[in-house]
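Chain nomenclature is as follows: A, B, C and D, assigned in order of appearance, with residue numbering initiated at 1 for each chain independently.
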Amino acid sequence: MPVMNDEVPDEGDFDADRKRGEFDNITPEDFIHGGGAGHGNPPGWLGPADINRARHQMPIAYVEIVPVRTDELGRIAQVGSLLRVSDDGSIERTLITGRVLFHETLREAIARNIAKDLGDIALPLLPASLHPFTVAEFFPTPGLSEYYDPRQHAIALCYVVAIGGDCKPQDETLDVEWVAPRSDMMETFINQMSNGHDRIVRQALAWAGI
Amino acid sequence: MPVMNDEVPDEGDFDADRKRGEFDNITPEDFIHGGGAGHGNPPGWLGPADINRARHQMPIAYVEIVPVRTDELGRIAQVGSLLRVSDDGSIERTLITGRVLFHETLREAIARNIAKDLGDIALPLLPASLHPFTVAEFFPTPGLSEYYDPRQHAIALCYVVAIGGDCKPQDETLDVEWVAPRSDMMETFINQMSNGHDRIVRQALAWAGI
Amino acid sequence: MPVMNDEVPDEGDFDADRKRGEFDNITPEDFIHGGGAGHGNPPGWLGPADINRARHQMPIAYVEIVPVRTDELGRIAQVGSLLRVSDDGSIERTLITGRVLFHETLREAIARNIAKDLGDIALPLLPASLHPFTVAEFFPTPGLSEYYDPRQHAIALCYVVAIGGDCKPQDETLDVEWVAPRSDMMETFINQMSNGHDRIVRQALAWAGI
Amino acid sequence: MPVMNDEVPDEGDFDADRKRGEFDNITPEDFIHGGGAGHGNPPGWLGPADINRARHQMPIAYVEIVPVRTDELGRIAQVGSLLRVSDDGSIERTLITGRVLFHETLREAIARNIAKDLGDIALPLLPASLHPFTVAEFFPTPGLSEYYDPRQHAIALCYVVAIGGDCKPQDETLDVEWVAPRSDMMETFINQMSNGHDRIVRQALAWAGI
């Protein structure tokens, strides 16, 4: 059975043996178009050698999504965050994030990554415009920018997306937790995020006027 | 019976006698909180003397809304425009627009003006952020800016708002027509708009990447 | 000699007698086109009765500017804040803010208010687009929104403007102080701001990716 | 002597023999840190095999810049466009565009590409925020999106940048021409652009309120 190791910043997986072999760098998204068995090469799929090589050669395009629940006037009523098992086995709090695949539009990448983490009936309401609320630049060198990703240089276009349906956490996502943006829990949750995702949430809230 | 004369740019009313008396400058929005009979002074209501005085003293804050239908990926599938009877009795094509009332939030003003034109079950999906896609400055002097309004200096914050429900045109609005943004009809409709609303639609489409 | 009382949120003046008479609500901006003696009615000028009436009738359009110094790559190197004597005689820290006058464009209002506070050789570099980084809604009712202004309902379009020249504080502005955006002093300065200007600076920094 | 073939959309070079050999896919930007002789491997440099492989594996991150001259109020007074010799030997009109290199920030990529085309004393005034006015998605399949690039899937973050200094066209750029945004020449110039750059200029103008 292939062991999946995600490509995305700060995500983990809960397979303790994940670093032992040739599939270490195959990611969930590499299989997402490949059918239930994970066989075959889906569009945009990259093998471990290719993705590793690319990560040392050029910036990798990502989308990063802050899921929210909105009220009848469009105001953010709740902000969602994901609980995942990180690489070292601890549980981490993070956002929805993933690489943009070859020949995939940004909208497809956003919808695919939301479906991957929140399930197929989350009913995301993508914005009419793809202006990101921020562009986060992750570098493999600590301190070079606000954002650090030891694996790669990533350029993440960040979006707030309202979720209209029901969430069924999937794959490596253990749970999705929602908190009011001005609550004490919001502050607690933000402080539990690492690698810059805390900053991205704060920027999303500032962008929304909160 | 009070004769209503709208405050908003390019809107009209279909009362042929509308310019004869003391209620000429009372607008639909002045009555919107006033109950079915239109009696009483709703919050933010201004009499004709006050609104006329203000219009010659300071810029008036407006919201202007381009209603759209979106597909499952959030792309604009259709753009809505309103048919109204203009001041000179001809039918004009326009957008949703209205003054921000005293003590009213922008979100309330957006929702109120959409309900005024499209009815109560239009289910607008207001964006999470109130960044306008453009700020249109209307001046009573032709040629001073891209936008002209003979009645006033208006500062209009412009938004694209997805409509999720059913539209029932109300008040002075005769009809709402929807066209695909890349269709020939879109171009025809834009050309039928005047006083800068055509430019606002083009800017909305550009902002949405179309 | 007329005693001037500014219209803008959080600004003050240092004339101890300022609340005694008929000129209490005449503001610096009302005189700005009126020449050194303050005589005459400049364009957009409003007397105290008119401005007071308007403030209880409709939202007042403002611009609010966060002045910055940028480095050769356009990054914010320093954020400026103003020291002014507030209404109660204490010194307060604030931003550049002022009403948009009748028949004045937003760009003219931004340039005029910067010149009023920083002098005529500040050489502001206004952005090519007038998309505000946030729209701050001030209400005279505490708690109704993030922003409170006891005098009025104001809608402030907020901009970051790079200052390329020399600053010579004028009128009621005692000093302009510049701090690095990530410094401890930045946090201190933000905490010294009141009435929501602290939030506006934080939103400006978030918008700039800091 | 190595024959350079640019990586960027719509750029060309004027070497008639450019498609004959192993250096066909080495680009000017690959050499930009490598000194006059083009020897050595600059940071972010990719050989033809690597860049070709990457172009078939993942989206490539680009910046695209619309250079402008602004007036004292920040309004766009002139829009610049570049004349270059295209791949088929004809002269084409285009914008400033280039790949983001590994470990390069967006700001560095913007400044580097402006210097490459306009010279070292162009004195670009980069905006305080890196919100792109649009994100243009180029696909190697015609018709899939608004933007087509036969060589690759590219995600271009698009910016308007004011040029404060003197332009000295360099490398493959024959000339830089400036026109007023509302002039007939602007329309002519836009119509001379291909591969979506015309749309990008129109979006830049719409974003600036023109």
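Going forward, contacts are C-beta pairs under 8 Å (C-beta built on N, C-alpha and C of every residue); 3 or more make two chains touch, one makes a residue touch a chain.
Note that this is a predicted model, so its numbers are computed, not measured.
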Same or different contact residues where subunit C meets its copy subunit B, judged by the half mark: same
Whole-Å separation of chain centres (CA-atom averages), subunit B against subunit D: 40
Subunit B-subunit C separation of Cα centroids, rounded to whole Å: 30
Multi-chain contact residues (two or more partners), subunit B: 130-131, 133-135, 207, 209
Pairwise touch network: line, ring, star, complete, or other: complete
Touching residues (chain side subunit B, partner subunit C) in the complex: 44, 46, 50, 53-54, 56-61, 99-106, 130-135, 137, 139-141, 144-145, 153, 155, 157
Residue ranges of subunit B in contact with subunit A within the complex: 68, 70, 72-76, 107-108, 111, 125-131, 133, 160, 162, 207-209
Complex contact set, residues of subunit C against subunit A: 134-136, 146, 202-203, 206-207, 209-210
